[in-house]
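After this come two complexes, each holding chain A, first together with chain B and then together with chain C.
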Partner chain A sequence: MLFSSLLLGALHAMVPLTMTATGEILSERAGVVNIGLEGILLLSAFGAVVGAEAGGPLAGLVVGLGVGAILGLIHGVIAVYFRGDQIISGVGINILALGLVAIGIVWQWGVAGFHQVDRALRIPHLVTPLGSMSPMVIVTVLLAALTYYLIHHTNLGLQIQAVGENPAAADAAGVRVERVRLFGAVYAGALAGLAGAYLSIDWLATITRNLPAGRGFIALATVVFSRLNPFLAVVGGLIFGFFDGLGLLASTSREITQVVPYQFIQMLPYVVTLLVVTGVIGRARFPAASGQPYRRE
Partner chain B sequence: MRKWSLLAGLLLVAFTVAFTAWPAAAQGQGSLAVVYDVGGRGDLSFNDMAAMGADRARRELGVMVTEVESATTADFLPNLRALARSRQHDVIVGIGFLIQDALTTVAQEFPNQKFALIDGFVDAPNVLSISFSDHEGSALVGALAAMTTLEAGGDTVGIVLGIEIPILLRFEIGYRAGVRWAVDRYNELHGTNKQVRVLHTYTGAFDDPARGKAATEAMLAQGAHVVYAVAGGTGLGVFEAVEQAARAQGRDVGPPFAIGVDSAQDWIAPGFIPVSMVKRVDNGVFAAIEQALAGTFEGGVLQLNLAAGGVAASSLDMLDVFMDEAVAAGKMRPEERVARLEGARAAREAVPPSAWEALNELDQLIRSGDYEVPEALDRETAEYWREVLSN
Partner chain C sequence: MPGSSVPRTGAPGQRPGPPAGPVQSDTWLEMRGITKVYPDGTRALDKVDLAAAKGEIHGLLGENGAGKSTLMKILSGILPMTSGRILIGGREIALRNTNDALAHGIGMVHQHYSLVPTFTALDNILLGRGAPLSGPARSAARARIKRLMDDTGLYVPLDVPIEQLPIGTRQRAEILKTLDRNVSLLILDEPTAVLTPQETEQLFQVLRTLSRGGTTIILITHKLPEVLALTHRVTVLRHGRVVGTRPTAGATAQDLARMMVGAERLPAVKERRPQAIVEPVLRVAELTVLGDGGTPAVRNVTFEVSRGEIFAIAGVTGNGQTELIEALTGLRPAASGYAYLLGQPITGVNPRKLYEMGLAHIPEDRHRLGMVAQLSIMENSILGVHFQPRFRRAMPGTLHWGRVRKYARDVVRRFNVITPSLRTPMRSLSGGNQQKLVVGRELSKSPALVVAGQPTRGLDVAAAATIRDLLMDMRNEGRAVLLVSADLDEVLALADRIAVMYEGEIRAVLERGQFDRERIGLLMGGVGDGPAAG
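== the complex of A and B ==
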């Protein structure tokens, strides 16, 4: 009972982290870093609720994905074509989302703070031996596999890796650097958008002014943790989700919190993640041209 | 953005007109001004509770009411100043802790103007600081939680809190005290020797439903029958976890149950929240204008306890009034209101009558002073009471 609840909790907590990280992995492979993932999660979570209320849960997912893709496109255009600072553009998205969603909730529903999603508009769950599970868990793992395949076993993947490592060489070889990078940025935005929709119309069934509450940033950490490997992002998301749940579980026990303050227990997911990163996995090597705009000589 | 600035502009114009051409109709009847928190009217929570108090003052005391919304915290100061400068109002009430700094400043500038502050403290002779006995209200819902659990053969309840701030310790210890009281009462009535374990978690956030959900799932997995949410937006995750757990077992009504906080939150997850610990901000606002009119207004702290109507267990009537407001404001469809009220009623009926009796009995004992709920506002005191109340 306890363990299956923890495992199910971990699977559900994994989805936003891993899905967002998976898209960002591809984008960073292509050389575009987006720290605006948190903002994309928030805005697409909002968009998904509006979409679901207009046309059902599937429409919600589509709108969430679309909002994410558009934000990814904006970031991509700034980063690739205008050669803007990717950090600033990402921060901009985060700030924009905080403001827009706070106002958007008031505009759309006339209430301040939060709006609940009707149960009928939520993504239907699967019945599993563990309990009721979101189909998005499976979608996340499939997307990780697809992304891995895309990066390592397709022609496009080769181009993605090339423009991330050495855009000048790729350019000389006839790869359209800008387009490939833009694709990466949009792909990352779309996946984060899907993850945002999962937050609001599936996992938490609500939209608030700050629904992701930092999960976009933890997803960024997962990218590093996973050494840009989508499969390790699944593992990372699971480890984080599991120990987060375990920390909350342990902090309900007075026997434990009298010995170890609950604040330390709740650091568990971060500590474990750090240990795994530094101890087991080792250093991540990032594409040489990651985060740098490409200028044709 | 344009819609917003237009709105702000209109507000400004309305404001100017109000203060230059205000008719002298208010004479002889008294006048109350309320400055809302940035959440503003229509949050179905804190601010709407304050508005209910203003409405009651209008009805029962016949006072003029001026209500001012503040788009951002930067508007607090000019709004308060404009109201004070008009010298029209017997008392100006600021809602919420965020307005404290601005109110401190303006209260100094206008020493002859009476002010009141909800959920904050300003040390000035012309300011009435209104604070609530959260521990007493929490004890009531704790008694209901424990009795419900015992009647169902359970032995565990939970409380999910936000950031560990002094006021939240007060909620937690109050809840534990209520649980303990009900367990003793149950054992006394049945000649048993049962125990109820209270699980608590400070999630460290007021705005993270996901953490609230995870914390609640951890409690439910340990057999918690009722979970009290004292965590602002994080509490939405508590409700969601409880509802999901019940629905997974094919139930449209708890158990498990959740308990709401601040406003009558019973409507948020209809069928799963039998009661909320309501903080009667409306009574705070009403008390301020009442005192000002009666000439009994003095600065200092007004502690609104259970007996004074500062905190209470939610009732269907309360919920009814609250949702009336929501429907009138166009924020809830009438048919939705019916469904939500039915759900709240079903949750109440799913709780055994003995739990309601326990709640009412404890309510009487606290009112009459026969039972004093322990209050903790620091960690040492809280730890002391955790120990005492669990033995």
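== the complex of A and C ==
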């Protein structure tokens, strides 16, 4: 019983991390790094609630994905076409999201900081032997597999890798470097958007001013852990998700919080992330031109 | 070889020399009146004409900065031209980008290969060709490339990441990639610069095969033996203009060298005062230095520089001069051999220690090594001497800005650096004034040895003259000067002795009085004396 609820907790916590990381893997393969994923999660989570309240859970998912894709597009245009600093652009998205969503919640529902999502507007769950499970768990694993195939078995994937490793060579071979990179940025945004929608209209069923609570950054850690392999992002998402789920479970259990203050339990996922990434980071090999704008001579 | 459109590589034992067989003399490619003016006003090419027939191997010869690469970048769609016309088979074509050029069958193999290092040769070749990474279409593409390898003799392991292959094999992959685009005009930019002699001979065999199959080849080079061994005709460029086009059959290395280096136009320099004392300051013995690729860039070089002497190293850039300077200034380890400054070993010694031993270094790449563009004149004027007690306050680690300012003002005044203020960032100065500050800072160290790399490159005439006079002053004061310059006129005007470097070796050392422009031109092109000791 405890085991199945822990596993289910880990699977549900894996979804936002792995899905966001999967998109970012493709984007970083193409040479665009987006540290604004946290902000994209938050804004799309907000958008998804608004969408769901207007047209049901499916509309919520579509709006979340759309908001993410638009933010990814903005970041991509700044990074690729204006050759702006990708870190600054990403930080900008994070700050923008914090402000917009805080105001948005007040503006939309007249309350400050917190809005519960109606049960009827949530994504319907599947009945499994483990218990009630979100279909997004399956979608996440499928997206990871699809992304792996895209990168390693298609012509577009070859171009993505080429513009990330050596954009000048790709350019000389007739690849449209800017377009491929922009595709990567939009793809990462769209997947983060879907993950954001999952947070608000599925898993956590609320919208708050800080709903992702650092999951966008843990997704970045998952990218490092995965060494840009989407399947390893599933593994990484499960590891980080396990401690995330454990933290959520333990901090609501009275027996545990009487012994250990819940603040310490909630630190777990972040501490584990730091430890794991510290162990992995030296061995990861990232594309040579990742994060660097390409300028033709 | 069924299905081959091109005969197999020539029979073994075939003599080097221009490919046998008739080459149609009708012009196929024509470049007319090509002019290129860069946005900063530099005229890189001035009404250049070039013509080549089908199957011709055409050499493009010239010194550094003659415009060879610029001309070919225009032909391969990388650079737009300012004016001129390009015709293929009598029809004018427009080249807006590399894809346009490829569509007309024009492909270029650059000195720095356009390969993705983590990709296999096959993926590199198929990149941008729309072939998928798996499935029957990939098998078909693989078969096509295998056939191309059989036809041309360009064998490359297709499934090994490029970064694990030797440089000659990478080049073959790059050529294959270009040929796979159905290229009928192949441009090669200094293709042998990084190859071993065996790899070079293999490459030449391939090029002869391609030529017999009807591919036109333009070979950019500064090596005279290559031109004579391989090409049908040669066009010589100098300062962005065509000096002439000759059939290679009737030409001699002397003719070509003369065309390449041109007539003397020596800059005026200060009076050279006789120096009585000969006393070696720098002694270099059997020094070998590895280049970035791990192969020797400087080979077993021996020479001495005496006090009161300007010892100049002439040669086309890329023949080991940079690596030699770096080894002597603490920036690159020596693989073997020795170098002594005033009797003390200097290889592998920290640059700061070298300065304390009496070395001043005017770096070749002043933007990267000579200055920090964002910092002010004042700050730049003490780079490298900033640790000296005279710039320090009593408190550890703090600078005495008053004294720094006084020092900077002194350098600016003595070396005539024109700047609005001492606080002006270095990047706002003109190239000439930047260099005057760098030179001034280095010469203010009262060095025993000055190592100057390309000290006047890119400078206006007046600034260049100032720098040359300062180097002559150093010599006349009895200091030793090691000058590395690709500008032959500068070398001839300044040097007491000239060493010519070619492929990492010093091919000859000439004393002032026996300077012979034509002989130096030949040596720079790899013709004449073997390794020499100075």
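Definition applied: the second predicted complex is superposed on the first by the 257 of 297 C-alpha atoms of A that agree within 3 Å, B and C clash if a C-alpha of one lies under 4 Å from a C-alpha of the other, contacts with A are read in each partner's own complex, and residues count from 1 in each chain.
Everything that follows uses one rule, which is that contacts are C-beta pairs under 8 Å (C-beta built on N, C-alpha and C of every residue); 3 or more make two chains touch, one makes a residue touch a chain.
Since the model is a prediction, treat every value here as computed from it, not as a measurement.
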{"item": "Chain B versus chain C as contact partner of A:251, first or second or both or neither", "value": "first"}
{"item": "Contacts of A:2 with chain B and chain C, given as first, second, both or neither", "value": "first"}
{"item": "Which superposed partner A:120 touches (first chain B, second chain C, both, neither)", "value": "neither"}
{"item": "First (chain B), second (chain C), both or neither touched by A:169", "value": "second"}
{"item": "Touching partner for A:158 - first (chain B), second (chain C), both, neither", "value": "second"}
{"item": "In the superposition, chain B vs chain C on chain A residues touched", "value": "B"}
{"item": "Residue numbers on chain B that touch chain A, as the complex places them", "value": "3-4, 39-40, 42-45, 47, 158, 199-205, 207-211, 213-215, 217-222, 233, 236-237, 240, 244, 248, 268, 329-331, 386, 390"}
{"item": "Chain A partner contacts - residues on chain C that touch it in the complex", "value": "78, 98-99, 102, 110, 113-119, 123-124, 126-134, 177"}
{"item": "Contact footprint of chain B on chain A as seen in their complex", "value": "1-2, 5-6, 9, 13, 103, 107, 109-114, 116, 131-132, 199, 203-206, 208-211, 213-215, 244-245, 248-249, 251-254, 262-263, 266"}
{"item": "Complex contact set, residues of chain A against chain C", "value": "152-155, 157-159, 161-162, 165-166, 168-175, 288, 297"}
